[in-house]
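Letters A, B, C, D, E, F and G name the chains as they come in the text, with residue numbers starting at 1 for each one.
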């Protein structure tokens, strides 16, 4: 077949046709995927909320409320209700004090602020170090420890200590209003992730921020709350 | 008459050799080795022996089987790499990790480039930083000096003075509180503190420096410029805000500064060729070290600083030439 | 030969082919290097970047013929200068004018326009200095040696 | 529907602007490049050896396309076959060049040319040559440090450990001439490969007087003139005590080989003679 | 060239990653795990195959001089399609590939094949070519991803081979990407030479 | 202060090439000579700044108001491709000698991932206009820093005999890896 | 603190074995082989033929071309032949063979030992006399002296520096000449000063020759403008540029001659030869040579006629030691290794160093470890390690940029290199190639 010649009309025409077709198809795909994309986003949030609060029967997304934290960050609060009664709140909180970049966490609390569970939504911490926070601050399955103990001393000699271990690391059941939720190194009650103190501090910072913001909203006491990393030396995030 | 030998001039040689220089450095490292044996005992011994042996082994294997060259493991350079790698590790580091470090030092840091003389980065530091980043947990648990003499991997550990400082400043403690947690200057000088096994004893390292200067193995330019830069930079910071920034003497005596400035920044292969270049190199190391120590995530920055300046060495060599004869003033070109 | 002893006489060279000659100038065609010039896969990736460039050279009294292969050379600092005028100065202008404009107007749109205008003005100046630059950026055909 | 409309509108506007600019750029910058350059380049061997005198195969392809007469141009690697192909593409006449091969014109191995001293400088013929005449009595002969071998990109040469002389593997040699340029003693020469790869040449470059030459090396050309006389085709000339065989004139009759008192004349790839066994230094390459 | 050869070309002989060294950014950027590598590879393959096909179909209608912009639009369209679909149906993969999905549009392999192959061949052959190149790319990314994941965290495709704590963390980080690819290419060169 | 942080982060901590893996092709391809690397840095800086400026405006003035942000990829690439050419056309128009001098010294800048990547990143990071442009400039400088040091090392390695299998791309990648390793020291500076 | 040059330098073992041995006059050779190329520049043209009878001091070959020098008969006798003879490199060169039948001198030559102090000739006449006498630099370069004494137009000389440094290990010829011919040297210097119309001359002598310094200091009292400058021992102080730097602190710019900074440098031996030529009308037909080496039984300094076979020098010093491994014409740093001892003395022969086997061969070389010791040693501020690689790889343009042409071939770099790299071998090749390229460019 003869090739279309490069006349001005031809060229404009071709481009027009291509643009129209591509635009139309993109628009079409957009329409197709729009709902699923939003669903996927919502599902993620929904799943996160489900994870961290007790069973509920309302639509927390619909009842979501945006709150301002003390230091001006925007947090989202999702109330979970069963039969119209508040059974817990999920707060999407964040911190900028991580090892690298922002950390977003969904924290689930009982109405009095006691932590039920959490879920790390997004972070850029180092894989294998800071990223351990996804699991670290939950109660451990006892099995893991058992295997750790079984390690022969030879393996240890050859390879050394493992990054796991650490006793008092679960934040589940703690209440930032009552517990000192900073890392034990800084005099708090939570053991930091081995070799990732910075991430641990940031994590706790976010959790405490969630609590404080929620507490203000719900008029809970914030007396005992210790700012985990508010007095950071050397670093200043705007 | 037997056949005459013919060659271009010159017909005499100074008698200097690679071996002489390398073994000179090894001798200069001995005081620090003895000090580390004193403070860290068995651990230091195991780590050093493993590291040196592994470096020699990898050098041999790679030369023989991968590069098909006559192995030259006795020229001393692999021994230095092994020693310096060990000197940069905590004395409770498990054997497997030491071996990985040695493999990286020699395999990636040195032999990948064709061996002695070709590598752009300091091999021992390549190994060390590789380990630090791969195994931050194991690489940052420091046995307590003297107390852990008789134990290896299960030694009691504590933090290095620099780590204590960094943690402390970050969690908002005052300098006065922190000074109590930090060993006294005399202990710092003698090396009675936590740290990598070869870096602790300032006095031993300085003896090594003196020896290398007298034997003319190295010149003063690099060590002096590194140390001076750190002293001046931290001095200024300290003067500005003594509450936040610790004294220059502390920076000098803790961490790997002296070890790095004396033995690692001076590595011929990876440092600049001209004296002005060496000074620029040294100043660069000093500045980056302080930046990392004071503002970065890591409590210690000497290794990174040296590696970063290693990367700049070719540029320094290209743009900072030795003073040529007959040149009045050198036009400085960037 | 008079060598400038104070400065290394670094020159930059490029191969080219004489495409046309008249009494005012010799035009030499050089193959522009694309970012992938060294790449043996450039056949697989020729995103409009294999272009030729024509370089004008003042006649130097030698005889050249069309199709002749020559090496053109210029002082290396010319390259840095060209980059400076063409890219570095405008970059600095964009950023500074943008920051200044933003500080004063506090509007994205306005500051963007101002900074683009600054660059345009700069290019206008460059345009006016055409003849000056013509003198600065001149190349020679280099005697080839074996 | 509006989303799709806006999409299309945006794309059309953007696409058109971009296209206009790209098109303008193409108009402005694109210099017509002869498509034949690509075609010719494709038939060239891509060795980029520079043997043709141009920097790389593409440059040579360009030159071929540009040149009105390509009969003076030759790719030594591809040889006549490739040139014919290129000529075919271009519709031009290729030179009917005979294939060439490098020869080593020194046969002074360790046995016939005793060493008079030991060289102990940097291992490079160029350096040795600028220092002195050589480690034997012959100040013309091969220095044996292998600059030529290093220069060959085609692995067509190696140093014979026993003789201390370079050897050319004629199947691999593409006559690029790199070795010729590398040799400071001008010992290597490109010569016609000859029918069935047969060729005859004087394997010596010594210009000393006969006696001196003979003393330095048993197989030196002593300039006695016997070959010049015996050659029926006038292919041999003697200048400065050294015989030279012109490969244009030589008809490979081998008469000169027989008369040379020092065996300085070499024949390659001839079938062995009945009367005497010729000791060939070159390995037996199959006559193809 | 027969069809099989067209297909196999991209797999081995002209493998875009190991021999042509094209598209290095995604190669290094997304291969912290085998899964990511495979995902990226398949996304690219999809774009390659589709754009090759479409371009081969319409090549005769496109005037030469607007070829490049036209190709760019076509490719970008498919990239956007991938982007949106992935966001909708594989949100977690999309999150971990991040920036590199839209960057497929500047991947030299895609435009390169459009220019060098699809604009000269029929749709069927172009699809084969795209498939070969794409799978070659996917293979390389998966291989690199597996190596890095294995060395870095003791897993391959998230299957634990040895305890994660013994892994060498560098390999999941930036330096490890360069080092692993460097040595992989060296080994492949060596194997090819042998 | 934020600007300083953006700059330090983009140059050292999150260096485009060594930490973000963008612009690897020119990094590996145009790094054989220091002088070319320096020139390239200048050119990339300008293009990156202008491209970011343009795409930022496009995003804020067209894509977002009309809610067609899904056209980001396709529209950005068109803008950038056209822009690169436009710069060349303008240069050639206003000063042919300058343009010619660049031609002799510099490889063409083609659109590469880094430019598109930065354009998209500033949107993702929610920077305002000035921040975006500063980020673009700093990213380009980071690219230059990596490129120039790398070119220096490669020029030096050109003069030594590397092991056979390592020369070429493998060694370039190993050097990049070690460079990235060294740059990890800047972690946490910001 | 003693002065010395400002950049680089080394200190090899001095080994001045023959420093205390007075100059002995060597017997006439039975046959004198006079090379036609004994100097830098074009070989001289013979003006005699086979069978001619010549007297000592008679012109036998004339300078041909601008840079060239006359050659005179060192003995009296018959011209046997003009033929090829192997030179120090083993290449065949033309030489005039004279069969000695005695030592009958031309009458015009004043052979009395009296010191003739007053200088009657004008500067132009002096230079002509020097040219006629075939005097070339005795410091090693053998550059025809009369050319050096006529500075190019526009350049003005304001100081004469006499090179009494003798920084090469082993060599002692200049040292002995200074001790034994102090008066003649002083007059020679005065002549040079007159020829150059300068009123200042400095004799630079390294501090390892205190006796010579003391002796010449005493002599110099009597002469206006001549002073002695003791220098710190440092190789290659004898290099022209280094000596000027050491004595008067001026640095000759890259690629330029000493006259650029207003200095002319002449060797001690040259000064003596000039005295003899100008005051006594005696051409350059003999010179002092050191014969030395660790295994040589009686190292010594000899006054030998040009054309004397080296072998007779060796015999005078007790014969060739059995462990001879290398024979060097000149000193160990810059001298040339000889392929055989069947070569004659030439105007440039300053010494004969016989090195035993065990010292003759080099150690195997290793990779450059970039220790920068060569950089520190280089008196020209070059980077030898880099220049070596550049010439190995044939990167001539970079080599030129890196000033390979500035290298004075002193060998300090090769001497120091702990990796035993043959730096100078390669650099010299680089100089040759770059020189060729530069010359072809000016054409």
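Here, contacts are C-beta pairs under 8 Å (C-beta built on N, C-alpha and C of every residue); 3 or more make two chains touch, one makes a residue touch a chain.
Predicted, not measured: the structure shown is a model, and the values here were computed from it.
Novice: Looking only at C-beta pairs in contact, point me to the busier pair out of D-E and A-B.
Specialist: Output for the comparison: A-B.
Novice: Centre to centre, using CA atoms, which chain is the farthest one from subunit F?
Specialist: Of all chains, G has its centre farthest from that of subunit F.
Novice: In whole angstrom, what separates the CA-based centres of subunit C and subunit E?
Specialist: 36
Novice: What is the distance, in whole Å, between the centres of subunit E and subunit F, each centre taken as the mean of its C-alpha atoms?
Specialist: The answer is 22 Å.
Novice: Can you compute the centre-to-centre distance for subunit B and subunit F, using the mean CA position of each chain? Integer Å is fine.
Specialist: Result: the chain centres lie 33 Å from each other.
Novice: For subunit D, what residues touch not just one other chain but two or more?
Specialist: 3, 7, 10-11, 15, 18-19, 22-23, 25-26, 29, 116-118, 120-122, 127, 131-132
Novice: Give the residues of subunit F that touch two or more other chains, as numbers and ranges in rising order.
Specialist: 25, 70-71, 74, 78, 81, 85, 111-112, 160, 166, 171, 174, 177-178, 181, 184, 187-188
Novice: Which subunit E residues reach two or more other chains?
Specialist: Residues 21-22, 65-66, 68-70, 72-73, 76-77, 80, 84, 108, 167, 169-170, 173, 175, 179.
Novice: Could you list, by residue number, the parts of subunit A that touch subunit D in their complex?
Specialist: So the residues of subunit A in touch with subunit D come to 11-12, 15-16, 18-20, 22-24, 26-28, 30-31.
Novice: Applying the document's contact rule, which stretches of subunit D touch subunit G when the two form their complex?
Specialist: Listed in rising order, the residues of subunit D that touch subunit G are 116-118, 120-122, 124, 126-127, 130-134, 139, 208.
Novice: What part of subunit A is in contact with subunit B in the complex they form?
Specialist: 99, 129, 156-163, 185-186, 194-198, 231-234
Novice: Across the complex, what residues on subunit F touch subunit C?
Specialist: Per the stated touch rule, the residues are 25-26, 29-30, 32, 35, 38-40, 42-43, 45-47, 49-50, 53, 56-57, 60-61, 85, 90-91, 93-112, 128-130, 133-134, 137.
Novice: Name, in rising order, each residue of subunit G that touches subunit D in their complex.
Specialist: 86, 88-92, 337, 339-340, 360-362, 392, 422, 425-426, 428-429, 432
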